[in-house]
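After this come two complexes, each holding chain A, first together with chain B and then together with chain C.
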Partner chain A sequence: MGRYIVKRVAVGLVQLIGLTVAVFFLIRLLPADPASRLVGMNPSREAYEQARHQLGLDQPLLTQLGAYLGLSSSGPGLLEGDFGTSWVTSSPVGSEIATYLPVTLELVTISFLIAFLVSVPIGMVGALNPGGRSDKAVFVYGLFAGSQPEFWWGLLFVYVFFFALGWAPAPLGSLSPMTSPPPSVTGFLTIDSLLAGQPDVFVEALQHLVLPVATLVFVLSGPIVKMVRQNMARALRADFVLYANCAGLPPARVARYALRAAMAPSMTLIGILYGFMLGGAVLVENVFSLPGIGQYAVRAVLAYDYPAIQGVVLVITALSLVVYLGIDLIHAAIDPRIVH
Partner chain B sequence: MSATDAMAPVYQEDVPLPRRRDWLLWVGAGVVATVVVLALIGPWLAPYDPTSTTPDVSVPPPALAEIPGLLSGVLRGNLAEAPHWMGTDASGFDIFSRIIVAPRTDLSIALVSNILSLVLGVLLGLLAGYFRNLATEAMMRVSDVVQSFPAFISAMILVALAGRSLGNIIIALALLYTPIYIRLTRAEVMAQKVRGFVEAARAMGNSELTIALRHVLPNALTPALIQSSVTIGFAILLTAGLSYVGAGVRPPTPEWGLMIANGANQLILGEWWSSVFPGIAISLTVFGFAVLGNALERRYERD
Partner chain C sequence: MRSFTSLLCAMTVASAVAGPLHAETAKTILFLAEDVPSGLDLDGASASITTSQTGMVNIMEPLFGYATKGVNASGITVPDFSKFEGRLVESWAFDPKTLIWTLHLRHGVKGCTGNEFTAKDVVYTYERGKSVSGSTPVGWFLANVASVKGFTADVFKNPAARTLSPDEVKAVDDYTVTIAQSEPNALFLPVLTIFGTYIFDATLMKAHATDKDPWAHDFANNVSPASFGPYCVERWEKNQEIIFKANPNYWRGKPAIDRVIMRRVPQSSNRMVILRTGQAQLTQNLTPREFDSLRGAPGLKVEGVEGNESLFIIMNFKIKPFDNIKLRQAIAYAIPTEQIIKTGYFGQAKPWHSIVPSIYPGYAETPTQYPYDTAKAKATLADAGYPDGKGLEAFHDSFQLTYPAEKESTVGPIVNIIQSALRQVGIPATLNPIPLAQFGDRTLVKRDLPFALNDYDKAIGVDAGYTLQLFLVSANKGGIANESDYSNAYIDETWPKARVETDPAKRNALLADMQEQAMKDVALLPIVEFKTQYALSDKLTGLSWQSDSSERFFDLKLQ
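Take a look at the complex of A and B:
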C-alpha cells in the first residue's frame, strides 16, 4: 500500500512538471501581448519596452522558464513554492489563490455532498425497477440534467427565486455588501463565521450559497444518477444478489448489499467529477459573483496575467490529482482486490 | 460545458432499456436534424437581420393569446412588419432571428472541432493501439497530460490568448477533445487486433500498415463515432460557456451563449426573454445530442 502511494505521488509530480512546462510555453507562444495590455492605449516606445523588461519578456524563453522555476539567481521560484507575482495586482499569486480557492472548495464540496445524497436514492429507484416507468424517468432525467448549461439554470434560479419570489438574496457575492466578513482563519465563510461566534453571518453565508449550490446539485445529479443506476443494475444481476434473494433476505437488505458493491466502481467517477468541478464551477461563480478560483482564472486570462494563469492551472490540476489519489485509496479500502 | 464533460473519457456500457421501439433515438435524431437544418437555412428563415439592431428595444414577446392572430397575419402577409416572436433584447436585436441563425456558429464550431479531433484522435489511437512501442507510449503520456488540464479553463486560456476568433475556438476544442478519441480508439484497436481476421489478413501477405488501416481501423471506429455525438453536444456547451465569460466569439455574432450573457443583466430587472429563449435552445440541442449518442451506444452494444 505504501509503495503504491509513493508511486502514484511520483507519477503525479512528473505529470505536474510536464504540465507546468507545457503551460509555460503554450501561453508564451500564443500571439497575446501582455506588455501592451499593461501600458494601455498608445504608449510611448520607451514605456512599452520598459514594461516588457519589467515582466522579463525581453529575455529568452528558457531564461524566463528558469526564473519562473527558481533555477536562476533572480529570486525564489516555483520549486521553492513561490508562484511569482501577479502582473496586474503586484501581489503574490500564491496568497491570492489562497483567498480565492476556499470559496470554490466550499461551494463544490457542499454541492457534491448534497448531489450525492439526492442522486443515490434516485438512481437506486431506477435500478430496482428495471424497465419500469420509474426506471425510464430516472434514465431520461440523468441524461437531461447531465447535458445542461449550468450558467443558464443559475440565471433562471435567480429570476425565479430572487426577482419573482424574493426568497433568495441578490446574486452579488457570498455575503451582502453591508456585512463585514469574519476574520479569515480557514477561508471557508461558513466555518470562519462559526469560529468567530457570529451565527447571523453564518446564516447569511448559507443563504447566499443556496442558489449556486442548487444549480451545481442539479447539473451534478445527472452524471451521478446515471452512474448509480448503471452500477446498481449491474450489481443486482450478480450471483450474490440471487443468493441473498433465495436465502429469503428482505429486499431492503439485499438492496443495501448491492449498493455497496455498486459504490466501489462509482468512486472513480466521483473523483473525476470533483476534479472537473474545481475548474468547472467558474460559470456558476460568475453568475452569482462568488469570488472563487474560477473567477480569478477568468480575470487572469482576460488580463493576460501569465503568473496568475500558470498558478491557477497548476493548483487546480494538483488538487485534482490529490483527489484522484484519495478516491483510489478509498476505493481500495472498499474493494481490497484492487491493490493486488 | 457541463458536469458530464468529465465523464466523456470514461466509456461505460449502459444498461439497456428493454424496449423494442426506441423512441429516445427518434427524439434525439429529430432535435439534431432540426439544428442541422437551421444551420443550413436559418438565415433565410429569419424575419430580421440577426446582426443589426431594430429601433424596438426590450420588446417583450407577444402574449400567448395574440400568437394565433399574428400567425394568420404572417401567413396572409398583411402585417406591416414581422412580429418579434421572442421579443427584442436591450440593444434591439430580434431574438427569434438570432436564435435560428445561431446554429451556424454553435454547430459549425462543435462539428468542425469534433471532426478534426476525431480524425486526429482515431489515427493516433490506431497507431498507439496497433504498434505499441516507446514512441506511442510517450504519446499516450502526452495525451494524459493534456487530459489532466482543467478543460474549461484551458479552453479559455487558448482562446483568449490566441484571439477570440471562430478558428481559434475550433482549434482549442479540437486539442482538448483529441485525447478522448485517442483513448477510445486505442482500447478498441487492442481488442480487435488479436482477432482471427487480422491473423488471416497477415497470412494473406498484407503489410502491417495495410492491416492496421484497411482491416483493423474500420472495425475499431464505432466507439469513437458514437462518442462524437455526445462530444458535439458538450462542445456546444463549452462554446456557449466561453462566450458567457467573455472569452468566446465576439458580439454581435449570433451565438446562444453570447445571447444569454447579453440578457443576464436584464434578467435581474425582470426582462427574462433575452436569456430564457437562447437557453432553451442550448438545453434542447445538447440534450438531443446526448440522447442520440446514448441511443446509438445502446444499439451498438445490443448487436
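Take a look at the complex of A and C:
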C-alpha cells in the first residue's frame, strides 16, 4: 500500500508540473489583454505601456515563466510557494486562496457528507424493493432534482424560505453583517468559531449554511441515489449474493455484503463530483453571496488576472488529486485487487 | 426519501429558531452592492471599478467640489455644475498671467488617524501622482488633463521627470499651496473634483512606505488610505464586505450615520428581496425591471437622477462597411428609441440629442438629429449602396452587435429590439455578447470592434470638453476613449483651441460645433440617457448624486 501511495503522489506531482506550464501558456491565449482592463479610465498609450511593464507583460514569455516559477532574480516564485500577487486586488494570491478556499471546502464537504448519508440509504431502499413505491419515489426525485440547475433551486429556496416564510437568514454570505467573524485559524468558520469559544457565531454560521447546503444536497443527491441504486441492484443479482442467500445468511448481512460491492463505483462518482464541485459550486456561492473559491476563480477569469487564475487552477487540481488519491485508497480498502 | 424530507425539515426548523435577522440598528445602515472595493488606491489596479471608487470617495476628500443645486423631484440632491465650492480648500485665486492657482487650505481638518491636514498632504499627493508608480497612473492622467505643469507624457520615458518641482506644485506655508498650469485650461477645477485627485494623508502613507513600495500602494490597496474624508475603514474583507465608521473629526461635522456596512450580494434579485424584507437600507445596480417592480413597495422608495449614464452605439470608422457615412446614418434612423425607453428602461430614460451628457456644461442639442424613421432608414441605406440591405451579407462579421455579457440582464432586451429593428430595414445584425474585460480591451485599447452597444463608459469629468476629448478626438491626439476610431481634422484642430479658450461663451460655441460635427458624422450614435437609480428604505433620506455615481454616505440620514 505504501508503494502505491508513493507512486500515486509522484504521478500527481508530474501532473501538477505539466499543468502549471500548460496553464501558464494557455491563459495567455485568452482573447483580451489584462493591461487594458487595468488602465480602464485612462487607456492612453503611455498608461497602457506602464501597466504592461508593471505586470511584466512586456517581457518575453520564457522570462515571465521564469519569474512566475521563481527562477529569476525578480523575487520569490511558485517553487518557493509564492503564487504571486493578484492584478485586481494587489493582494498575495496565496493568502486570498487561503481565505476563499475554506468557505468552499466547508460548503462542499458538509453538502457531500449529508448527501452521502441521505442518498446511500435511499438508493439501497430503492434497490431492495425494485418497482416498489419507494423505488418509484426515488426515480421521480432523481428526475426532479436533476431537472434544474443548482442556481435555480438556490434562488427558489431563497424566495421560499427567506422571503416568503422568513425561516432562513438572508443570503448575505457566511455571517450576518452585524456579526464579527472569529479570528481566522483554520479558515473554516464553524471550526474557528468553536476554537474562539463563540457558540453563537457557530450557530449563526450553521444557519447561513442551511440553504446553500440544502441546495447542493438536493442537486447532488439525485445522481448519487441513482448510482447507488443501480450498483446495489447489480450487486444483489451477483452470484455471491445468491450464494449468501442460499447459505441462509440474514438479509441484513447479505445487504451489507452487497453494499460493499456497490460502494466501489459509487465512491468513484462521489470523488469525481467532489472534485468538480470545488470549482463548480460557484453558482451556489453566487446565489448565497458566499466568498468561495469558485467566485474568486470566475472573477479572476473575467478580469484576466493571470496570477489568480494560475493559483486557483493549481490549488483546485492539487486538491482534486488528493481527493482522487483518497478515493483510490478507499477503493483499495474495499477491493484489495486494486492495489495489485 | 423520508430521510431527505426529515433532513430538510430539520434544516428549516433550525433556521426558524434563528428568526429573521435585523441589520438595522440606530445609525447603522446595510448597503447591498454587487461588489465591495477590490482596492482603495487611486492609482491602483481597481481604480476603474466603480465599487472601489465608492470606497475611495467616502474615506478621502477632494480639494474642490460642486455646490448643491437642490433636491430633484425624485428626492436626490443634485450638484450645481456651474458653481464650485472649496472642500479642503477654503478660498482660492487664479492669476491668468502666471497661470498659477493659489489655494488657501482649510485649518483644523483632521483625518481618521488624527493627523492634521496641511499643505504637505497636497504636495505629497501630487508627488505620488507624478511618480506614476501605481499600476494605473490615474493621478497623473487627471493632472495631465487639467494641464498641471510638469504632468506630461515625458514622465513615462524619463525617470528624472517624475520628480515634482516647486514651480509645479509648492507648499508656500502650512496652509497655502500653489499649483501651476502649463496653459490656460478650464478643466482645472472640474478635474480637481474627480476621485482620482482626492488628497492623501502624507503622514499615514509615509509611515507605511517601504523600500520596495515607497508610495505605499500595497498599504492603500490592502489596508486603508483613509485620509480626511467623512468615513474611516473599520473592517474590510475583500470579496465580502467593508465596514465604514464615521470619522469623528470630519471637518463638515460627524456624519449622521455611524456605520455603513457595504456587503457584497452579487445577485441583483437577492439584493432586491433582502431590501424588501427591511434588512438592508440601500442598493443600486438592479435591472430596470427590478427597479420598476420595487416602485410602490411598502417601506421602500426608488429614487433616480438624470445623470450622465447613457446608451450608445459604436460603429468603427476603420472597418468596412462602417466607413460609409450613409450606412451609419441609415442605422441611426432605424433605432426605435421610444420602444427602447419603454421596454428596456421602463420609462426611466429619455432620447439623447448629442454626444455629451445633457446636464454637463457645454452640452448643446445639435441641429442634426436622427429620429426613428424606417422609411428614411431604408432610403438612406439605398443611398449608401445597399438597397434593402443587398450586399451587406458580405459583412456578416461586422454586423455582430457586441455588448458586455455581464450586462445581459440590463441590455439583453435592448439588443434584441435593435436587432429586430435593423433586420426590419434590411441590416443583417446578429448579437455577440463578450466578457466585459474583453469588451473594454477591444473598444478602448485595440479599437477593433466593428459594431458595439455600450451603456457602461461615461466621462466623469463634468464638462463637454472633457467628454469630447475622451471620446471624439483622434486616438493619437489624446482621444483615449475614442471607441469608434473616429478621426476628424476639424475636431482635432478645434479641441486644442477650445481647451485654452478663456471666454466661456466662445468655448461653448466651439464645443457646440464639435458636437454638431460628430453628430453629422455619426461618430457615436447616441440613443438614450437613462436614469441612475437607487432603491432604498423610506427611512433613509439625503441621497445625493455625483458624476461617478458613487453614494456619498455623509449626505445620508436615517430617520
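Here are a few things to note about the model shown:
Rule of thumb we're sticking to: the second predicted complex is superposed on the first by the 327 of 340 C-alpha atoms of A that agree within 3 Å, B and C clash if a C-alpha of one lies under 4 Å from a C-alpha of the other, contacts with A are read in each partner's own complex, and residues count from 1 in each chain.
As a convention for this text, a contact is a pair of C-beta atoms (placed from the backbone, for glycine too) under 8 Å apart; a residue touches a chain by one contact, two chains touch by 3 or more.
Every value quoted in this text rests on a predicted model; they were computed, and no experiment measured them.
Using the contact criterion defined above for the overlaid structures, shared-chain residue A:Y304 touches chain B and also reaches chain C. Applying the stated contact rule after C-alpha superposition, one finds that A:A32 touches each of chain B and chain C. Using the contact criterion defined above for the overlaid structures, shared-chain residue A:A22 touches chain B, although it does not reach chain C. By the touch criterion stated above, A:F163 is placed in contact with chain B and with chain C alike. By the touch criterion stated above, A:S72 is placed in contact with neither chain B nor chain C.
When the two complexes are overlaid on their common chain A, residue A:N129 makes contact with neither chain B nor chain C. Judged by the touch definition given at the top, the superposed model places A:M178 against chain C, while chain B stays out of reach. Of the two partner chains, chain C is the only one that A:E49 touches; chain B does not reach it. When both complexes are overlaid on chain A, the residue A:L155 reaches chain B and chain C alike.
Shared interface residues of chain A, touching chain B in one complex and chain C in the other, are 31-32, 155, 158-159, 162-163, 170-171, 286-287, 302, 304.
Per the touch definition, chain B reaches chain A in the complex via residues 1-7, 10, 12-15, 17-19, 24, 141-142, 144-145, 148-154, 156-158, 160-163, 233-234, 237, 240-241, 244-247, 257, 260, 264, 267-270, 272, 275-276, 279, 282-283, 286-287, 289-291, 294. Interface residues of chain A, counted against chain C in their complex, comprise 31-44, 46-51, 54-55, 87-91, 96, 99-100, 114, 117-118, 121-122, 134, 137-138, 141, 155, 158-159, 161-163, 165-174, 176-178, 180-181, 203-204, 206-207, 210-211, 213-214, 217, 221, 286-287, 289, 291, 295-296, 299, 302-304. Interface of chain C with chain A (complex): residues 1, 3-4, 7-8, 11-12, 14-16, 18-21, 23, 25, 28, 30, 38-39, 41, 44-49, 132, 135-138, 140-141, 153, 156, 196, 217-218, 221-222, 235, 237-241, 261, 263-267, 269-270, 273-274, 276-277, 279-280, 406, 435-438, 440-442, 444-446, 460, 478, 480-481.
Across the interface of their complex, chain B is touched by residues 15, 18-19, 22-23, 26-27, 30-32, 127, 130-131, 135-136, 139-140, 143-144, 146-152, 155-156, 158-159, 162-163, 170-171, 219-220, 222-223, 227, 229-230, 233-234, 268-269, 272-273, 275-280, 282-283, 286-287, 294, 297-298, 301-302, 304, 309, 312-313, 316-317, 320-321 of chain A.
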